[in-house]
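Next, two complexes with chain A in common: one pairs it with chain B, the other with chain C.
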Partner chain A sequence: MEAKFGFGRTKNNDSQLKGERPDNEHDARTSGQGQESMINISDLHVYYGRLHVLKGINLKIQERTTTVIMGPSGCGKTTLIRTLNRMNDDLPNFRVSGVITIQGFDIYSEKVDPTLLKLKVGMVFQKPNPFPVSVFDNVAFGPKIHRLAKSRNELESVVQESLERAGLWDEVKDRLEENALKLSGGQQQRLCIARALAVKPQILLLDEPTSSLDPSSAMKVEELIVRLKKDYTVILVTHNMQQAARVANTAAFLYNGELIEVGEAPKIFENPDKTLTEQYISGRLA
Partner chain B sequence: MDTDFHRNASKKTLSNTIIDQPTKTWYDSAVTSNYKLRRLRDKFVKSFTIVCVVAVLYPLSSMLYMFVYKGATLISLSTITQPTIGSSSFVSGGLANAIEGTLLLLGIGSSVAVCLGVMGGVYIAEFSRNSSLAKGIRFGVDVLAGVPSIVLGYVGFLLLVIYFGWGYSALAGGLTLSVFMFPYIIRTTELALRKVPDEVREAAKALGSNNATVVNRLTLRFALPGIITGILLAISIGLGETAPLLYTASFSNYVPSALLQSPVGYLTYVVYVFSQLPSAEAHSLAYQASFLLIAIIVTLNFAARVLVQRFSKVT
Partner chain C sequence: MDVGLEKLSNLLLEMADLSQKSVSASVEAYNKNSVSQVFEWSEKLRDLHNEVGELAVEIIARYQPVASDLRFVRGSMDISYGFTRFGRYAYDIAQVLEAFENISNCDHTLIQETTDTTQQMIRMSIESFTKKDTELAERVKKMDDLVDDKYRKHIFNVIHGQGFNVQCVVSTTLILRYLERIADHSACIADSVIYIITGH
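Now for the complex of A and B:
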């Protein structure tokens, strides 16, 4: 599958080759309007004190799809994804109304332990932030604190598997005990992804993962995201429209805290319904 | 050359007139003007600051020299092994009781101060950084750091020695000392923890370590060098304190038999009291005590610096 530069996107070849699923069902799945959605956000309002940051977001995200959330700076993209794994809980005056369910369970209900939620929904940040410990200890951190590995051997195999999935194993297998800060920026970001994968989440939230990387490292991380699509539900925030077009199944456009348009990625990029979306795509919006 | 060109150019136009004067170019101004004066002023200010520093360092170095010299010549094995015998003008012997007393008082004082100080620092740096309680703690700690040590000694006397009925004791002295050392430890702990960047905490939280202990497993490790430096400095400050101990530990020629109701000897008392006694023996002991104190403080400070350097290379 070759990625095109520009706003076009190659179709998912698998469904065409296999001919198993009819087209409209594929569309339904990726346009996010299907029945059994992984993440269901309904009427979400987020406030920081009196500041109304997210206004009535309604979004359904299907399993094992990649959704890209775009929008100008300050429109609430980061707030939206941080709300999905309850990272915003610690912020002062944070208030949320509406319902977010993951696989049917309301994540803001009182019965939910936010710590365990993070095992299901992993997050990677914009600036790579590895812990200043060895590469091995970085990836092992999650499994260790949640006691996921019962023996040292199991821990080592979890670390190796995560590093392989992140495409970093070959580069660091001889340097596992080296301090993670000695890796290059791109390697550090892939390390952060490996670290997030080590606790075996089902959903991955990526907040502009390549924006602080040089183009070649960014390309490697992008290829990694494309590989991860098969096994994880990925929600990606990015400013890079080409990246979004290359990687995403579904695209959502946020403006000023409101969800303007959401739909299948090719449609949003080539033929959006709303004028605002079209202006943003073509770069005429700030 | 540009300047020549300009000179000749201006000369050319002016030669039309009768007077032939070279006009000033930027180069002329740069060379002649106040430059020499400014350089002189620069040198003067620099020399003046050096003179000031030397003026301050001179009494310090001569003091150090005197105590180190006198103390080193007077000190012997018996200083460490023999206790002080007799009292007032008839003192003789060594400083074993004072040394052990200092260690005991510092031991009690620093254990309490370190436990409370580090935990307090962790609380205000990690758990509730901006709460009103944290702000209140910071304010209270700053005030406590400014309270004169003799006032603390008096409070210790009234509360621990009299009211609790502990009498002059190691515990009373130790606890008063710990109150004195506490502000330094809590402040340096908070500073050391603040140096750990927030992104590391975010990453740990995103992995599900909301449990505060686990976040601490990460941040405390990296703040440890700073925290230990703070502890060492607090100990060296506590070493030199006389006033809090005067009214709470009194003095004794013997190592205390119990933690309560039994006075303790300590080195700074020796310096304070024995230097005023008329006998030569007493003065000798005072010199030796000063030497010991200076030696320990210098070692502690040196160790603190070495620690900082070593750990900043590792991370």
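Now for the complex of A and C:
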């Protein structure tokens, strides 16, 4: 496999993306810090100049699970997830040490193309950011520029499938040429998710995707997140403890740049091992 | 949420006090006519149990507690049920003593011994809750075996014995059965205390 294509890419991309798994295998997956993992973060340190932002993070993330990264503001959550698709690379004085592998490939290896990495590790941000073009063009943008569709028909098929997966197709199928900025906040966010899905990622990074949405829209996005983990590995940053408890398979608590505790979500939210974790999730951390 | 949790705790303490009084009054009913009083307390305990349930649900709906707060809310519902059962069995005991009019000449030794153990278990289970003492809770659970043992031995003797006074045997068996159930619920309360504190 050529590392320059990102990671783990073979001639037939779909064989990696759509491996059939029985449901009970999915359910049996645990936080699995001791098991072979999709993403392996080993002794990760991140610096912005002299500021030591992430301190010795060790974390394994299993395939097709939802991992929630939680912690107080400024603890390094966003920095952590942005290391997974190298979005921090262009930040001034950014420095990283340690190893991050995705499907066994070191993503900070010189052989890795960060652009292709971002195809496979998609990201959705807190504030919906659709392009000021039509709904169709928003979703088609990625496949077009990366030449992932060989014909107009194939492109339309990709757009429809992505919108369906994002739970938006029924709401926009008659408005595909309408400007995306006319959609509601919740629809815009689901459009952004569809746009990320259109380039067939394996991993989705969601940075507080519902924090700027009204409760009804937030619930729709949350339901989408639950559906997505059947096919994608999802990593979610959220301040909303209840949302984290609802959607996560695994919960990881960061504090002051350190990974304090990680484990299966029910265990973390019912009986965390660390006092600091308990204080944070019960809202008592000063 | 802390205000809600404190209110929940206070309700449980009220139930603890009332249930202890109920059980004490019921076993003293040999000499007093306490059935109506015990019944009144039993009804009050049921009302308090409903209040605990409503408050617990409100806390969950409003605040979505997690970790130790969640365990406390859940454990409180189990504990308040235990106290309700104390009141109910106390009433059942008082009814037996009222129904069997002439049992003052029966040998009450076994009932007294079992009552002493059961009342001690009630006190200890309440204390383990107020002091968050898992060791005390574990001791309550072990004491349940003593009560079970006394009850089983009595049944064995009844089955294999002869020439008993029917009123004495039946009344003693019923009262022992109710005391055994009270002891079981004391052990369940102790279990809930351990769960609240340790999560296990």
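Methods note: the second predicted complex is superposed on the first by the 255 of 286 C-alpha atoms of A that agree within 3 Å, B and C clash if a C-alpha of one lies under 4 Å from a C-alpha of the other, contacts with A are read in each partner's own complex, and residues count from 1 in each chain.
The criterion applied here is as follows: a residue touches a chain if its C-beta (ideal position, glycine included) is under 8 Å from a C-beta of that chain, and two chains touch if they have at least 3 such contacts.
Being a predicted model, the structure only gives us computed values, none of them experimental.
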Superposition on chain A - do chain B and chain C clash or fit: fit
First (chain B), second (chain C), both or neither touched by A:Q242: second
Touched partner set for A:E270, first chain B, second chain C, both or neither: second
Residues of chain A touched, compared between chain B and chain C (which is higher): B
Which superposed partner A:L119 touches (first chain B, second chain C, both, neither): first
Which superposed partner A:K127 touches (first chain B, second chain C, both, neither): first
Contacts of A:G257 with chain B and chain C, given as first, second, both or neither: neither
Which superposed partner A:G76 touches (first chain B, second chain C, both, neither): neither
Shortest CA-CA distance between chain B and chain C [superposed frame, angstrom]: 34
Of all residues in chain A, those that touch chain B in their complex: 85, 87, 90, 92, 114-119, 122-123, 125, 127, 129-132, 141-142, 145-146, 179, 192, 195-196, 199
Touching residues (chain side chain C, partner chain A) in the complex: 64-71, 198-200
Chain A contact footprint on chain B (complex, rising order): 130, 197, 199-200, 202-211, 214, 217-218, 222, 315
Touching residues on chain A, where the partner in the complex is chain C: 241-242, 245, 269-272, 277-278, 281-282
